[in-house]
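Two complexes are shown next, each including chain A; its partner changes from chain B in the first to chain C in the second.
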Partner chain A sequence: MTDVSTIAETPRTAKSTVAGTPRRRRRSARLSPLLAAFVLVPFAIESIWVFWPALQGFWFSLTRWDGQTPPEFIGVDNYVELAGDATFRGALVNTVIWLVLFGGLSVVGGFGMALLLQRDRRGVGFYRAALFTPVVFSLVVTALVWRVFYQPDGLADTILRAVGLEQLIRPWLADPQTALYAVILPALWRQIGYVMVLFLAGLKAIDPALHEAARMDGANAWQRLWYVVIPQLKGVNAVVLSVIVIDSLRSFDIVWSLTRGGPYHSSELLSTYMYSAAFQSLRLGYASAIAVVIFVLALAVILGYLVRAFREEA
Partner chain B sequence: MRKGPFVTDFDPGRRRFLGHLGLAGLGAIGAGSLLSACASSASGPSTGDASGAVTIQSNLSSPQAKTAIEKLVESFNKQGKGTASVNTIASETFRTQLPTYLTSANPPDLYTWYAGSVANDYASKGLLLDVSDVWQGLTEYPQSVKTLSTDASGKQVFVPMTNYWWGFFYRKSNFAKWGVQEPKTWTEFLALCETLKGKGVPPIGIGLGDTPWVASAWFDYLNIRVNGAPFHRELLAGKQRFDDPKVKAVFTRWREVLPYFDPKGKAYPFQEATTALLAGKTGMFLIGTFFADAAPKDALGDLDFFRFPIIDPAVPVAEEAPTDGFFASAKTRNATGTKDLLRYFASVEAQEEYVKSSSGIVLPVHPKAKAADSPLVAKGKAMLDSAAELTQFFNRDSTDALQPTADTALTKFIDKPDQIDAILREWQASAEKVFKG
Partner chain C sequence: MIRKLRTGTFHTGMVLLSLLWLGPVLWVILMSVRSFDDIAANGVGSLPHSFTLDTYRQAWTDGGELQALVNSLLVTVPSVLLSLGLAAIAAFALSRYRIPGRRTILLLMLAGNLLPPQILLIPVQKFSELTGLYDTLLALIAVQVGFGLGFYTFVLHGFMRDLPGEIQEAATIDGAGPAQIFARVMLPLTRPALAALGALSFTWIFNDLLWAITVLRTDDRMPVTPALLALQGQFVSSWSVIAAGTVIAAVPTVAVFLRFQRHFISGLAIGAVK
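Up next, the complex of A and B:
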């Protein structure tokens, strides 16, 4: 797989230049205009497209606003309401379930697949490509495919009937007991391929000499995995964790196109609740307060990890 | 242990890479808080200048209705009074995006939408063009339609083109095969359901997956049959409470027929419920005539309907007659052209042409325009003409923002009828939030 090796290669070369150049420049004590431009131009663009709207979002979360008349300042009322909102609490719990199941299973599945498919055997390219294909599909297309799969008398029901489990058949996406899990499955189907590629890149980067040395020392496969492979993947793990947390918290499209958070909020995530509060109930102030909560959650998880990572390196 | 050259190289770089990735992540999530900002800034589709074409933002996305409006615009363009173009949007997207279109800096000129409370709501925020001078030419329109098109401040903001009706639709051939007749009263209706169930047919079709608003038709009809249209309107305007015992009485009736609902209806949208009805997999289906847009032409001749059964003969009979038409953005740069187009849409020939090229099961609002020549349409028109009062539909008689609260409450009730008291309390609480803003 050529693209795997490029993925593994590119950041390495990019990083060494990034890491190398400033060190040399710093000694000359003058900031090169080119370097300044590289920093300031993206910063200016980010400010307009990311930082400013994000700050505006904080401000809107303190207002009552329908998107049509000017916002009205109401202090922390939106947050007080959030604290007592059962739908919000349900969405928060669902988001945690999503983070654990979607995040956890995609790491386990992606890592397992990467281990299985890391060696170059005949036909391995086909399997890698097959697992990666769902990543290429637009999520809305994915949702359409899975909706056909779940629909009454659809493929899922047919399979269950064929193996004699028809008592399990239910309206998968319309039953509050199953809706959330029925949506996690297609999301996982997609994410596993993506995580697999990240891990494959990491596995390829491990020096084969390490394996050889471990084998000489009499380590079995399990010990090699635990003491050689996993410690070597520390860098990749950090990337995977960030990707998973971010992807979990911003998961929206697949849920929206399959259930719209329904039936009656049973598959509601913070992201879908934010959207429906904003654009269906037209309560943009309240929706902004939900957005702020999502932001704080993501920040907490990722900062927690970064602080730990820095401490280990220091 | 031997350290490869690239392992040492990896560490400092990783920190930077990670730091950057973290930032990118915040950006991605920050985009969440962004969406409010999007709504506040100018992001609408651009339109032409004062002399340019009038843009129509249309939610008529079913194939026949889409063709019908496009043909209509074509004939307007041929008249040489101006030019117009249609931009068709999927109706669900249209519904959620409409406030964004209207508040954008450079909005489309004209919108397909609904008369009544919904139009008034937008008008009260100063978003709609005053079309009172168009109405000066519409002397033949009945007063009831004019009232629906007038906002709270007394000016007209809406020009209607068609309306339609809701009813229990069924296939004549299937009713004949099963040996059953149209019911008139609630008791007869329950008996019919029992008979169909005995024959192994799920009696009542519904489609709530993706289109949960269809359940509101049941709520509307039961409420106007049990409590009457005036109470219904007050409830939807926030002047009555959803946890009122009178509202609970509506659900007591509904519970009597819940066992007869098609269990698969929770999982598929109304279009598939239509297919199920036409295939004889359900007995009847409470739906508006728009469902026929998704039906094959050859099935249309076999369709018939009956009015929602009478529950309390003392309550004046009201029917749902949603009125469709157009309103224009207050910010249009081509008010003259927009009004010319509206005058055309309000005319007899435009409405007759529209009715002809759409599926045909819509009624022109102009009293002189002829509806399609079919017994079904004649029956629908007669039903609306004989009604003592007309309502529209849940969202049209309240606001689009109140609709999701109904969707949640009603789908939950269909699943868990035992929890009705809690459901109504929640409904009242979420409705209050919407009314409060």
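Up next, the complex of A and C:
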């Protein structure tokens, strides 16, 4: 086993190539084929199933294609059509609403729950487990659980009737006015426990001495939250924000299982519109253009995430 | 006195909230044991007036949930093992050796996982048709592995990078090559991270809907998540059968969660605290 390539003794010195002794540098010139394979095989698999398809996706967005005949290049026509497509604009608005309501409320709810349940006291373990339970369900399971709830004469209607609000009863998922919100609610129900766990981990990492010091200086609970806790959670906030935006733009399962984007596209998101344009209308070029729009919306977050990761690796 | 009052308010509020979270789940479980006639007579919003387990038999055999569960496991277990194995060797080489361009490779791999899957759906479907993999479980395994790899590599890289270098040096002096160092030294030390990612990726892959309906078409090849949607179409008004199917589809991930609870939570938190 003479074919040992250079070992990074510690991550610190590994950074600079000049740190090595001449002997080390000579060795680093020949990289063991095994190590090369360790990197190249996984990278090749990801290239085949992710990088190459992604590049193709951009190309397809410039074509007209039904999946049978070869794609035909039409320039930016798909994007021009998107600009005038009312369904697309509706889906874009719904996606923004989704981002704000689903994203915003799950952060507020998850953070609130984490603050309430951060201290170990009696019952807290049970409450945390209760809030976390839906996180392990698939979104389709979540959707079916809530479908029972929304069913005409289901739990929602029974409860409203019991408290004397029967005038509010409506076909929750079939009414264009309520469909989108009726889909957001189950998504939130599942997401809040997830965000709570992220914040609980962040809160746990805060040095208790900071709290003590702030208390000594006479800071009240709100001031401590605002000036001590939230600034200390900067790292977690960045992660939660990225997770939320990426999850929102990816949201598909729950809408697909509950309404398929209907009625009359009232709960249509970009992701569901892209899917039906591709696999139901068989407009593969047009659907690719929608996918590119989703990508552009996600780009800022992806870049932010990578810059953060890059700084940590450096 | 005030303290007692506050504790009381806290627990009352939290019990109500927990009920809001667990209530719908309990309701579905209750509903899954009601007979068709009971639901027809009393509605979905009523408490059970009957008890039957026939709903589970119907979902299990007539609804094809058994086949769907088998498909799910045939996809999930190899996908988890393969993607974690591949991610582990990549993370090992990238974190412990001076591979040229290692940082770029790592970030590129992570970036691939952050892409919205929508941009990949059409090309992946066409590619699986081209290779003859379309409508086979193999295609689903391949795409799950390819898409998950980036994130697992990134997390495992972070973990392996922070392991002390002395152990590796000692092994090198003893004449161990990269393969031995990986298998005998690094892998055992990485077990906690692997367990966390394993539990997480199991639920992610098991719960997936989008990739399955993109690369599969035949009903009896579908894993349990899309099969559950089909069940809903098949038993349109048999709410108790749909409820039973829902319970069946949820049991495996709940079991994994309960068994690996601590790993699961720490896995979710891995990215959060750095």
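Note that in this section the second predicted complex is superposed on the first by the 255 of 314 C-alpha atoms of A that agree within 3 Å, B and C clash if a C-alpha of one lies under 4 Å from a C-alpha of the other, contacts with A are read in each partner's own complex, and residues count from 1 in each chain.
In this section, contacts are C-beta pairs under 8 Å (C-beta built on N, C-alpha and C of every residue); 3 or more make two chains touch, one makes a residue touch a chain.
Only a predicted model underlies this, so the values are computations on that prediction, with no experimental measurement involved.
By the touch criterion stated above, A:Gln68 is placed in contact with chain B alone, chain C being left untouched. Of the two partner chains placed by superposition, A:Gln177 touches none, neither chain B nor chain C.
By the touch criterion defined above, A:Gly235 lies against chain B and chain C together after alignment on the C-alpha atoms of chain A. By the touch criterion stated above, A:His265 is placed in contact with chain B alone, chain C being left untouched. Look at A:Phe310: by the touch rule set out above, it reaches both chain B and chain C. Once the two complexes are overlaid on the shared chain, A:Leu35 sits against chain C while remaining clear of chain B.
Set side by side, chain B and chain C differ in how many residues of chain A they touch, and the one touching more is C.
Touch criterion met: A:Leu284 reaches chain B and chain C at once. In the superposed model, A:Glu46 lies in contact with both chain B and chain C. When both complexes are overlaid on chain A, the residue A:Gln223 reaches neither chain B nor chain C.
Touched by chain B in one complex and by chain C in the other are residues 11, 46, 50-51, 53-54, 56-58, 60, 67, 151, 153, 205, 235, 239, 246, 249-250, 271, 274-275, 278-279, 284, 287-288, 291-292, 294-295, 298, 302, 306, 309-310, 313 of chain A. Residues of chain A touching chain C in their complex: 1, 3-11, 14, 17, 28, 31-32, 34-36, 38-39, 41-43, 45-46, 48-54, 56-58, 60, 67, 113, 116-117, 123, 126-127, 130-134, 136-141, 144-149, 151, 153-155, 157-158, 189, 193-194, 197-202, 204-205, 235-236, 239-240, 246, 249-250, 252-253, 256-257, 270-271, 274-275, 278-279, 284, 287-288, 290-292, 294-295, 298, 301-302, 305-306, 309-310, 312-314. Put simply, chain A touches chain B in their complex at residues 11-12, 15-16, 18-19, 46, 50-51, 53-54, 56-58, 60-61, 64-69, 81, 86, 150-153, 171-176, 205, 207, 209-210, 213, 235, 238-239, 242-243, 245-246, 249-250, 260, 262-265, 271, 274-276, 278-284, 287-288, 291-292, 294-295, 298-299, 302-303, 306, 309-310, 313. Within the complex, the chain B residues that touch chain A are 1-2, 4, 6-7, 9-19, 21-22, 25-40, 96-97, 99-100, 102-103, 122, 125, 127, 208-210, 212, 263-264, 266-268, 272, 400-401, 403-405, 407-409, 411-412, 415, 426, 433-434, 437. Listed in rising order, the residues of chain C touching chain A in the complex are 10-11, 14, 17-18, 21-22, 24-25, 27-28, 31, 43-46, 86-87, 89-90, 92-100, 102-103, 105-124, 126-127, 142-143, 145-147, 149-150, 153-154, 158, 161-162, 165, 168-169, 172, 175-180, 182, 203, 206-210, 214, 225-226, 228-229, 232, 239, 242-243, 245-246, 249-250, 253-254, 256-257, 264-265, 268-269, 271-274.
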